[in-house]
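These notes are about the structure you will find just below.
As written, the chain order gives the labels A, B, C, D and E, with residue 1 at the start of each chain.
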Amino acid sequence: MLEVENLTVRYGRITALAELDLAVPEGRIVTVLGANGAGKSSLLKALIGLTPIAGGAIRWKGEAIHRRPASERVKAGLALVPEGRRILVSMTVEDNLKVGAYHRDDPAQVAREIDAIYQRFPNLAERRFQKASCLSGGEQQMLAVGRALVSGSSLMMLDEPSLGLSPIIIARLFELLVELNKGGLALLLVEQNTNMALSVAHEGHVLKLGRKIAHGTPQQLLADARLQEAYLGG
Amino acid sequence: MSLLALDDVGKNFGGLVVVKNLSFTVEAGQRVALIGPNGAGKSTVFNLITGVYPLTSGRVLFDGVDITHLPMRRRIGLGVARSFQNIRLMGHLSVVENIMLGQQPKAGGLAALLTPYRLMPRHRWIEEARAALDEAGLGAYADLSVDSLPYGVRKRVDLLRAVVANPKMLLLDEPAAGLNERETEDLHDALMAIAAKGVTLVVVEHDMHFVDRLCERVVVINFGEKIAEGTMAEVRASPLVREAYLGGDATVGAGHA
Amino acid sequence: MKRLGTVSAIALLGALAFAPAVQAASELVIGYSMAKTGPYVSLANSNEIAADMAVDEINAKGGVNGRKIKLTKFDTGGNPKDASAAVRRFAVDDKALAIVGPFSSSECRVAFPDGERMGIVQMSMASSAPGLTADMSYAFRNTVDEGKVISDVMETFARKKIPSARAAIAYGTDDAVSKAIGTGVLPKVFEQYKSQVVSTVDFSVKAFDLSPQASQLVQAKPEVIGFGAPPEMAIKLATELQRQGLKARMIAGTTVADPDLPKRMAPAGEGFTIGTTFFRDLNPATKAFSAEFEKRAKAAGLPRTEPSQMDAATYDIVLMYADALAKTKATGDDANLAKERTAIRDHLAKLKNHPMLEGPISFGANRDSIKPIYILEAKQAAWTLIDTHEPK
Amino acid sequence: MSGYGEAILVMLAINIVVALAGYLPLAAGQLNLGIAGFMAVGGYTSAYLTSAYHLPMGVGMAAGAAAAGLLGLLVAVPVLRTSGIYLALATFALGQVIQAAFLNIEAVGAAAGYPVKPYAGFTVVLSVAFGVLVAVLLLSRTRFALLLTATKNDPLVTELFGVDVRAIRVAAFSLGALIAGIGGALYAHHYSYLEPQNFNIMLSVYIALYVLLGGTQTVAGPIVGAAFFTLLPELLRAGSHWRFVIFAVLIILVMAVRPEGLITGALARRLRFGKRREAAS
Amino acid sequence: MSGAVFAQQLVNGIMLGGIYMLIAVAFTLAIGVLNFLNFSIPGIFMVGAIATWRALENGWPWVGAIAAGLLAAGVASYLVERFTYRWMRGLDHEIPLVSSLGFLILFENLVLIGYGSDQQTFPALMPDFNIRVAGLVIGTGQLISLVLALVLVIAASGLLERTRIGRGIRAVAENADTATILGVEIHRVVPALFILIGLLSGVSGILFAMNYLQVSAFMGHEIGLKGIAAMVIGGMGNIWGAILGGLLIGLIEVLSIAFFGANRADICVYGALLLLLVVRPEGLLGGSAIVREKL
């Protein structure tokens, strides 16, 4: 469904990502692992269109989209849950969800989906008309996921969703991700929380300093010394 | 007496607890790493030590002085200097001028403030700054705008700017992030040289290999709490640390600790 | 880039510093400081037509002392600093014998001391702030004291028995002329004519909303309102008074002498009475002047084609200069320039009842002109002459 | 030199002084939209002391500068609690209040204006302006200037190098006010007449434009900006009333092409460094 | 001052406040969403009024003339976006400010060349356009503009609160990057906002002309400065704050003229602004303005 070929991203003279190949097939969970500065966030920003790419190609359902603006990519079915969640704290919970559905022209269906999200997350329903700034970290993460859901995406990309969350909330979050995936949603999961990510993913890639150093199934990667090296050093 | 002591330090942002009951000490001349997963509160600890944020609870002592309520600039005057995670060089100043900003804690005084040093090409500030750049092998960049420098060079200038203040303690926020292996190696050597002059180093870093080689002692925090302390080997062996980094029950990478 | 900048800046300065100081020796040069841009443009840019008309007439008759008159012009934009630059250019570079203008009181305040230092006559066609020419000798104004004008209006009211027992004062507080009329002139005139001042209101001359002032006037119910401010404010106050339902006659001096005013404030301005120094239908000369002016104004595409009091004053200033040049036998030669400029001053200062377009003109102790005052009343969107006061 | 040329040079000199007054706070990142107010304080103080008490003009000017600087210091402390756009608006309000205050002070003529007796001619104005320029140039060679730039660039990091950023800001603001006072005094004594209406918001705005258009990173910036605003309308005089239209279009274009101003620090450095490299080779 | 006159003065103040509101809202939208102190707003205000006046002079019907005025204001505002904000997004906040001033000078001088500096008489919609109740005179035009101002502001606020583009604008206001990844088209939302700002300024200018029966090249100056004061007093970026600020400035101005004279009105109005900025920079209704940056 999503194919990335030879992708290179540079900031000025710094190469954040070098010649990366990666694919997310329909309905699968793919995880990208690596320490800080490995280029994971740059990958997601390039995919959604926030960062221009310096080389390579991004194909979505067979079509090259790397020259399209972010808004069109979202419309085509890509959604990003950014690092740090980036909730719009000056807006209400409900408005955050509605902005998530910004490009959609079927308000009735959107309203139904928002109701479904409230059923799934009763905490959000309680605070639907309050400013999002009053949500806890876990609730904000749920809202960010909910916001990506109502965009009607078929691929959800998550950037470090477990960051700053307590273990219980992380566990709940991953349960949710698995459930969403069973409903047919493909996931591209960028994580430092390696074990958690590998426990849900179908396959994983390990990045170090912008380059892919390992790729395989979770079992293969867990057995691979290069994974631990990427985190805790030699 | 320890050079730096954090005593039961806590920090909340609104309702969010970022640092909780954190205590650790750093002895003069030591090289200590502060590590932990992303979002664990490491940079916040630096900001609490330098006074960017006020503490919610607890105390910070530096060189025997309680600095908990001192304004930022006074703490710097006592001998604390730091580098920045996202390099914070002054884009409107040249490289040598950035270094001269680093001299500020020891320049002092109204007369120093109003000396038209730029009309005196032999002025000791300029000489010193250039000498420091030359020594670091950055002399060729002295008169360029920092915006035009490659990333690695900017990182080194950022570090050098903190060093020229002659601090007693240097706080380094991810000094190796984004550097390639060669540059990381150079950085290691440079930091060892600084430490050899008696400067205490406190490092926040994700590159564990780098930390292992540089630091004698490691403090690990997660969710703002200290979860382990000791040598790198001791810390690696801690199940709490493995869980913090790798999540779940740590069954990863047998034999590598 | 920087060096380029420096070089071009120096070149530019050079060009400015040694700007045209050349003219044909056979001409007599008069400077004209005009406000063709800036805040006074619509009052001041028609002055140029009157000045050109005067020069054309003089030169058509063979000029003065066998030489043609040449008007050299400088646009001050109504800015005092530029008015000062204009004096310097006329006096030093253009070797002018005298200067027409500047226009506004603010410009005169700055330009008059310059002219005094350089020893060259200036004569303003519009400035009417009190006391501007005191302590000077080269500064002239072809305008009359507002106290005299407004007193003449009240005189006419007394003669014609127009009710004026209850009076009010409305004036602009942040403009020198307006404030002088409101705080100095009007109280004195009303006292002189036994009118009781029942209310005094002030406003900023930049204000657009005069409702609070109008409300105060409505409460005081005056029969006559003495007004001191530019014409725009007269329109605003008249409109607002009508809105709040007060019927009182407004009176004013030359500050509002705009030929189009009755049209612009109709119907609110009915009965508005002013004193001015020019009326187009006074006699054959003024009619001929107005016709020619109208032709030229139309050709120039100006929005207003009827000559104003300032246009007539400008025309007369040029003619007075021509007369002075002739009487003092001015040559415009460099060697005699200072002497000839002073001779012009002395000649003008002695003028008594000199017949001009506006009527007989004399200069008083402070070199402000003394001339007839025409009392005009707004009736059905036009000025009508109701009285004339010859100078005593 | 021609009379017109002298007049333009005087205008340029005064404009450079007030541009420098706007430059000092802007170099520290403060947009002062009340410069005209400080000019008024300097001008009126000097005019009053020399006219009412017959003090020598030099003393009057110094007193005017001191008065403006002192007022700057007094307002800097509360006003500099705000920053960015809030500071710009606070100084805008301050300028309006000062102008309105002078409209109410009868001792200096209120709305009628105030004639000023001692006359500062071409030489005096140019010498004083030159003195101010030299002083600012010297200042720009000091560590104070370095800290100004650093404060604007990144106040937090500057503070982390032991700098009392607030003191630097207050000093920059007050020094700017003091120089504005000198500019006001020069205006008063050269043009021999003051009226509150001269010192309106548009004057402050234009002064800010001088600096922003020229560039806030070097002393050359405000000078080039002041020259641009003083000389360009004169050069465009031939175009009569179109000149301000052309002028406005140029402002828009210059800001679009060089948003950091005509002269930037990087440009100045490149020139200097370029020269050194040429010399070395 | 008698009770009746005081009541009339209160009415005068509220009506004047109604005039300030719309322009304060235009300023507040530019500041709140784009952090842009848009000095071209007084120019756009003037362009709207002048275009309407020209159209009426040329014999257009009222509806057509007003439409022409709005069109001109919208186009003018779009030009400002195109040549200032779009080129300079993300630079120091003073920079688009300079360019917007350039546009103010441009608009004013173009009108000056076309129609002179004279204040031009704007035709009255009807001869006596006033309501007289219990001795109070209430200008119908002003009342309409007050009501219309409230309606327009409620509509604008509704637009921001309830519509898709409104949510997009608010999302951009809070964080342009986040808005982008949510699929908001910044390159459409921002021009749309500028056109909205232009229309509000234009309506304000036209209502002003209908009330005070005058237009001129510099008509935007005084009202623009007061509009900025109103915006700040209410709280920058807060639409309801602009309404409150507009009313307060109107009342302060009228009452200080009535009690202390016109001379002191500016001291009162701008003194209040200065005091507020020192004591409570975020304004009466604004949220906390100063957020410490993150290292």
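To be clear about the criterion, a residue touches a chain if its C-beta (ideal position, glycine included) is under 8 Å from a C-beta of that chain, and two chains touch if they have at least 3 such contacts.
Being a predicted model, the structure only gives us computed values, none of them experimental.
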| item | value |
| --- | --- |
| Set of chains adjacent to chain A and to chain C | E |
| Least step count from chain B to chain C, where 1 means the two chains touch | 2 |
| Most widely separated chain from chain B, with each centre as the mean of CA atoms | C |
| C-D against A-E, pair bridged by the larger set of C-beta contacts | C-D |
| Maximum centroid distance from chain D, chain identifier (CA atoms) | A |
| Inter-chain centre distance, chain C versus chain E - centres from mean C-alpha coordinates, in Å | 36 |
| Intercentroid distance (Cα basis), chain D paired with chain B, Å | 41 |
| Between chain B and chain A, distance of the C-alpha-averaged centres to the nearest whole Å | 32 |
| Centroid spacing, where centroids are CA-atom means, of chain D and chain E in whole angstrom | 30 |
| Junction residues of chain C, two or more chains touched | 37, 41, 173-174 |
| Set of chain B residues in contact with two or more other chains | 52, 84, 88 |
| Junction residues of chain A, two or more chains touched | none |
| Residue numbers on chain E that touch chain C, as the complex places them | 2, 4-5, 8-9, 12-13, 15-16, 19, 112, 115-119, 121, 128-130, 132, 137, 139, 208, 212-214, 216, 218-219, 221-223, 254-255, 257-258, 261-263, 265-266 |
| Chain B contact footprint on chain D (complex, rising order) | 138-144, 146-147, 149-150, 152-154, 156-165, 217, 265-266, 269, 272-273, 276 |
| Chain B to chain D touching residues, read off their complex | 50, 52, 72-74, 76-77, 82, 84, 88, 90-94, 97, 100-102, 104-105, 107, 112-119, 125, 143-145, 147-148, 165 |
| Chain D residues touching chain C - in the complex, by the definition given at the top | 1-9, 11, 103, 110-113, 115, 119, 191-193, 195-198, 220, 224, 227, 231, 234-235, 237, 240-241, 243-244, 262-263, 267-268, 271 |
| Of all residues in chain C, those that touch chain D in their complex | 1-3, 5, 9, 12-13, 16-19, 21, 36-37, 41, 75, 80-81, 84-85, 87-93, 106, 109-110, 113-114, 117, 129, 173-176, 178-180 |
